[in-house]
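In the two complexes below, chain A is the common chain; its partner is chain B in one and chain C in the other.
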Partner chain A sequence: MIRHERTSWSATVLLSVAALSVLVPLYVTVTMALKTNQQAVDGNAFSLPWPLSWDNFAEAWTLTNFPRALGVSVFITVLAVVGNVLLSSLFAFALARNWERRWVRLAFYYVLAALFVPFPVVALPQVQLTGNLGLDNPVGVVALHIAFGLSFNTLLFTAFLRSVPAELEESARLDGATTMQTFWRLVFPLLAPMSATVAIFSFLGSWNDFMMPSLIIADPSLQTVPVVQKIFQTQFSSNYNISFASYLMAMAPAILAYVFTQRWVIAGVTQGAIK
Partner chain B sequence: MTTTAPVIRRRMDPVYLWIIIPTLALFTLAITLPTVMGLFMSFTNSIGFGTWEFIGLNNYVAIFQDPAILQSYAFTFGFAIVTVLAVNVLAFLLALGLTARIRALTALRAIFVLPMVISGIVIAYVFNFLFSNSLPALGTALGIPWLSTSVLVNPDLAWVAIVIVTTWSAIPGTLLIYIAGLVTVPREVYEAADIDGATPLRRLTHITLPLVAGYVAINMILGVKNFLNAYEIIVGLTDGGPGTSTRSIAMTIFTGFSGGDYAFQMANAAIFFLIVVAITLVQLRFTQRGEKA
Partner chain C sequence: MPPPLSRRAFLTAAAAGAVGLGLSGCASDDRAIVRFHSSKPESIPYFRELVARYNQEQSAARVVLDTATNLQAAFLRGSPPDVGCLNYNMEMARFMERGVLSDLSDMPEAGRIRPEVQQLADQYATFPGRTNVLPFSVAAESVIYNRAIFDEHGVEVPTTWTGFLAACETFQAAGVAPLYGTFKDNWTLAQGMFDYALGGLIDVPEFFAAITELGTAVGPDSPRSFQRDFLEPMERMRELVPFHQADAASRAYPDGNLAFARGEAAMYLQGPWVFGELAKTDPDLSLGTFPLPMTEDPDDRKVRVNLDLALWIPEGSRQQEAARDFVAYLMRAEQMDDFNAQFLGFGTTTDAAPATDERIQDMQEFYDDGRFYLGPSQLVPLAIPLANHVQSMVLGADLRSTLAGVDADWARLAFRA
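After this line comes the complex of A and B, so read on.
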């Protein structure tokens, strides 16, 4: 039979070794987080921790005010994901169903043009603007995450919506459904795979974002989980074990979510990436 | 039946307007207005607040004479090119492996995609510790002088650390695009090549690479665009140092807040914007070609 029908053991071994490059930094994060301060400062990142110092997590918890930072991160992420999915799908629906109108097509290209604008270019005026509008807070970050997501998400949704035959919706209309009822009962369920892709990108973008919250949110006590890690570079720079406990707590929610959903995450990201 | 429905000009359902208009308003306020404001201010001498006056193209002229700006462009472009090559070579090799007949496929793929869900700044802090504590300890033990001190404070090597961590974090997205590309290559093509006795290397260069060339182009362009925005991984590793040797364009623009040269940095942002527009136009050309194929 043909050669590549057999298991390629050499590829399996090579990939397993390469996988260490991903796993070793995470192994170091976990072991460092469990070390006592004496063990942590000896520079040997690869030794196993003993005795286990669970107190590190309690200390990192208080130093970063973790519950509050987590609350802000969850607030921003949940609103950004929901906002991105709902607003972009509704917007794409409204555009796709009025595509014959010239101004609607212009609106589409207008929004698409933002794909050209990287955040650093508009960051400074945005900081001024959010400050003047009283939006130099997590709500402002949510609004910007949604606005920046709009171009790509609308592109994804409209591409799909324009391939859905309008007859399907016409029959719902004949049964007396309004535009919004048609959207909720018929169109939005059809969009589910696209919505999943948008939700995954939006979750990763908002949850892990550092640049935008660090510039936009003026009140340090309203900062997100990635941003509050800064204190271990400035104030507590020699408490390695505590800083790693904090890094681990910062990484853990997304890693745990990924472990349980990786099949869908990979499928969703692939779908978005090849569009 | 395609979208060429009979053109009966019906009245637009107002609910569509209630969706489109507020969305466009939010978008205009959040993206368009700041872009226009920034471009406008780049022709003034504003320091970010207070009074200002027009100074024409003076900021733009000054940009090209400012060694710190030129250095940040040289660093950022050099970094982006090296990183995009490293990411693409590694991601392509991994994708080849992950589309071969291997054991533990699901687990291995899950591991290689994992960095995608980890915050750039946090993983940069983790690597910061490894580069400034563990690696020097190893270097001392092995008696290698250049490794005995932290690479992060070495002006000649700090950029390498940034390339490594950015590569670590950027491989998943590139990898998934390559996997999606490689699975589109029909089996029969390889079988025919096997019958003709093609070596694995010839199979790669004469069959696989030409068939996924579009994916390579997209990955390269997306990568360059991303890496030109380099910010948080640098903040977490060197914060632009030692000196200003690893200061990226984004970091330089952000100094416009504290440095009192707001308008000057907006001119910098405008030039950066033009470069990104040029790259995006190339990208769109490739994407459209890919759609037709």
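After this line comes the complex of A and C, so read on.
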């Protein structure tokens, strides 16, 4: 009983420092977004903004044509997340259940090899390829996000699937389930914690990606939020207040998604642990 | 090879449709679409208004302002913007050199450009028999000074090197930092002390033409080289270092803007892009500009310039006619004057109005007389980390060996080319 009431000061200090490392930049972002031009450059990052300059949001909104960019970003991110989770889990399922076949193992290593090919290396051929196929638009970016995510996500799913006992599936088959039914009714729900992990990774990757949309999307009016925000960063001028207002608007969906999915992930993980 | 049109059309429509954006309004419009690429952030609202005005005034084309396209990818894909209006530099000149920009020499607007200004573009690279870029706005850079501090200490604008050193000593004796240094950001040194010292002492285009000719032969024994020609200017540059405030080595560009706007130094070696930043802190600051005198002859003074914006039309544009019409619109005299007055630039045509802003008008006579030079730091390809070399020299590295290093880099790059 006594042990329970004792506070672990070292852990508290460590956690406080960790919390501050998130809260301090967030505080600076929020206050900076509300500062006037003069306050934004006065060199006091921690000062409170006064008078509050809500115009920054309006200016960032029109400068970047924010709603349209947000629409494109959401489109790309949603499709990439769904595609990543579905394709990788299906692929991993096929791999894990056919592991004894040699060509399946070869396919796995082949896909895994893509882990060693980062996008910048093949950027220029991809630009030409997508251009020739008429995929120089957000759809092309979705396809590439899924293709480039496939190896890492499959790795996660296969590792997890190996721990799922084959007997579970055999029982489903005894009840007359087809392969697809087994997957949808039994395996995919079991994969939920891993799906959440994959979804979070691919959400962050797609939402924050700068290079791929900037290179692949030909029509500038279909650019994503990180790309249109590039105009705030130059060598010669620093519109901190306007850019931070814009960053805050861009961050909001990511933070919201993180808050919600994080709870879900933790629930999923503990559920798996109790079993 | 282009794919069947149906697939491209389908995917494009799928993308546009799925995003749920009301593009249908544009589809029913049969005006030619001209994509106008300009990425100078401060001028985006200006160009947005201009484009709206143009679209209203005529009905043949619809111009769309594009601030986000990646040029390398667009050219590679074969779908470059129809009109470009950006900073002209070594990187942009690469496109021109490879012949992807169209010849504009038959446009009447090309004939209005001042020959000395057109030559600035040619110093980067040329394509035989073509005029590929039309300079739109020139930015001139020189020493920015705080008029109030100069008046307070009874210092006149110096016109000779000794006069400049004397002015610095006067300020220092009075406990005022003569120059504000932001050595932490090495580009501020390259465009400032480094370029001003060289531009005031050597013939910049002549030197670069000579070492380009020498190519791989540039080295310790070549007739022209960085170690030979730059040594004296660099020694002069080092003489200026003690006149900066004590913590110059740890200050960055935004720190410098704040401190200078608060009157913490008498002079600041920056270009016109800084005026907007200074005005954020103190919009009423009374500032002037003068070229850094490097010799004892006032007639040797020159200002540093760069092609802040230049217009071009890619060969790959499918809207050549409409693009040319828009370029002609941009280059109307009153249009250019209006832009330059607002963004503190200098006109590029023979009929351009002179600058009237007190912060830059003292440079007008130098500009009119053709007493200007492109910053040498702009003429060295980015593959050579020149700004880093400049920073080491300012912070005390051996001049000879550093410049010999630049020579070696230059020769290596020429070998690779």
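Couple of notes before you dig in:
Note that the second predicted complex is superposed on the first by the 212 of 275 C-alpha atoms of A that agree within 3 Å, B and C clash if a C-alpha of one lies under 4 Å from a C-alpha of the other, contacts with A are read in each partner's own complex, and residues count from 1 in each chain.
Going forward, a residue touches a chain if its C-beta (ideal position, glycine included) is under 8 Å from a C-beta of that chain, and two chains touch if they have at least 3 such contacts.
All values reported here derive from a predicted model rather than from experimental measurement.
By the touch criterion stated above, A:218 is placed in contact with chain C alone, chain B being left untouched.
In the superposed pair of complexes, A:99 makes contact with chain B only, with no contact to chain C. Contacts of A:155 after superposition: neither chain B nor chain C is touched. After overlaying the two complexes on the shared chain, residue contacts for A:177 are found with neither chain B nor chain C. Within the superposed three-chain model, A:30 lies out of touch with both chain B and chain C [touch as defined at top]. Applying the stated contact rule after C-alpha superposition, one finds that A:82 touches neither chain B nor chain C. Touch criterion not met for A:199: it reaches neither chain B nor chain C.
Touching more residues of chain A than its counterpart among chain B and chain C is B. In the superposition on chain A, A:117 makes contact with chain B only, not with chain C. Applying the stated contact rule after C-alpha superposition, one finds that A:232 touches each of chain B and chain C. Residues 43, 124, 127-128, 215, 227, 232 of chain A contact both chain B in one complex and chain C in the other. Those residues of chain B that touch chain A in the shared complex are 1, 3, 5, 7, 12-13, 15-16, 19-20, 23-24, 26-27, 29-31, 33-35, 37-38, 41, 48, 94, 96-98, 100-104, 106, 108-123, 125-130, 133-134, 136-137, 168, 173, 176-177, 179-181, 190-191, 194, 225, 228-229, 231-232, 235, 249-250, 253-254, 256-257, 262, 265-266, 269-270, 272-273, 276-277, 280. On the chain A side of its complex with chain B, the touching residues are 2-9, 11-12, 14-16, 18-19, 21-23, 25-26, 28-29, 32, 43-46, 87, 90-91, 93-95, 97-101, 104, 107, 110-111, 114-129, 143-144, 146-148, 150, 162, 165-167, 178-180, 204, 207-208, 210-211, 215, 225-227, 229, 232-233, 240, 243-244, 247, 250-251, 254-255, 257-259, 262-263, 265-266, 269-270, 273-274. Contact residues on chain C toward chain A in their complex (touch as defined above): 1-3, 7-9, 11-12, 14-16, 18-21, 35, 37, 39, 41-42, 44-45, 64, 66-70, 72-74, 76-79, 187, 253-255, 257-258, 271, 273-274, 276-277, 280-281.
Those residues of chain A that touch chain C in the shared complex are 37-38, 40-43, 63, 68, 71-72, 75, 124, 127-128, 130-140, 214-216, 218, 220-223, 227-228, 230-232, 234-239.
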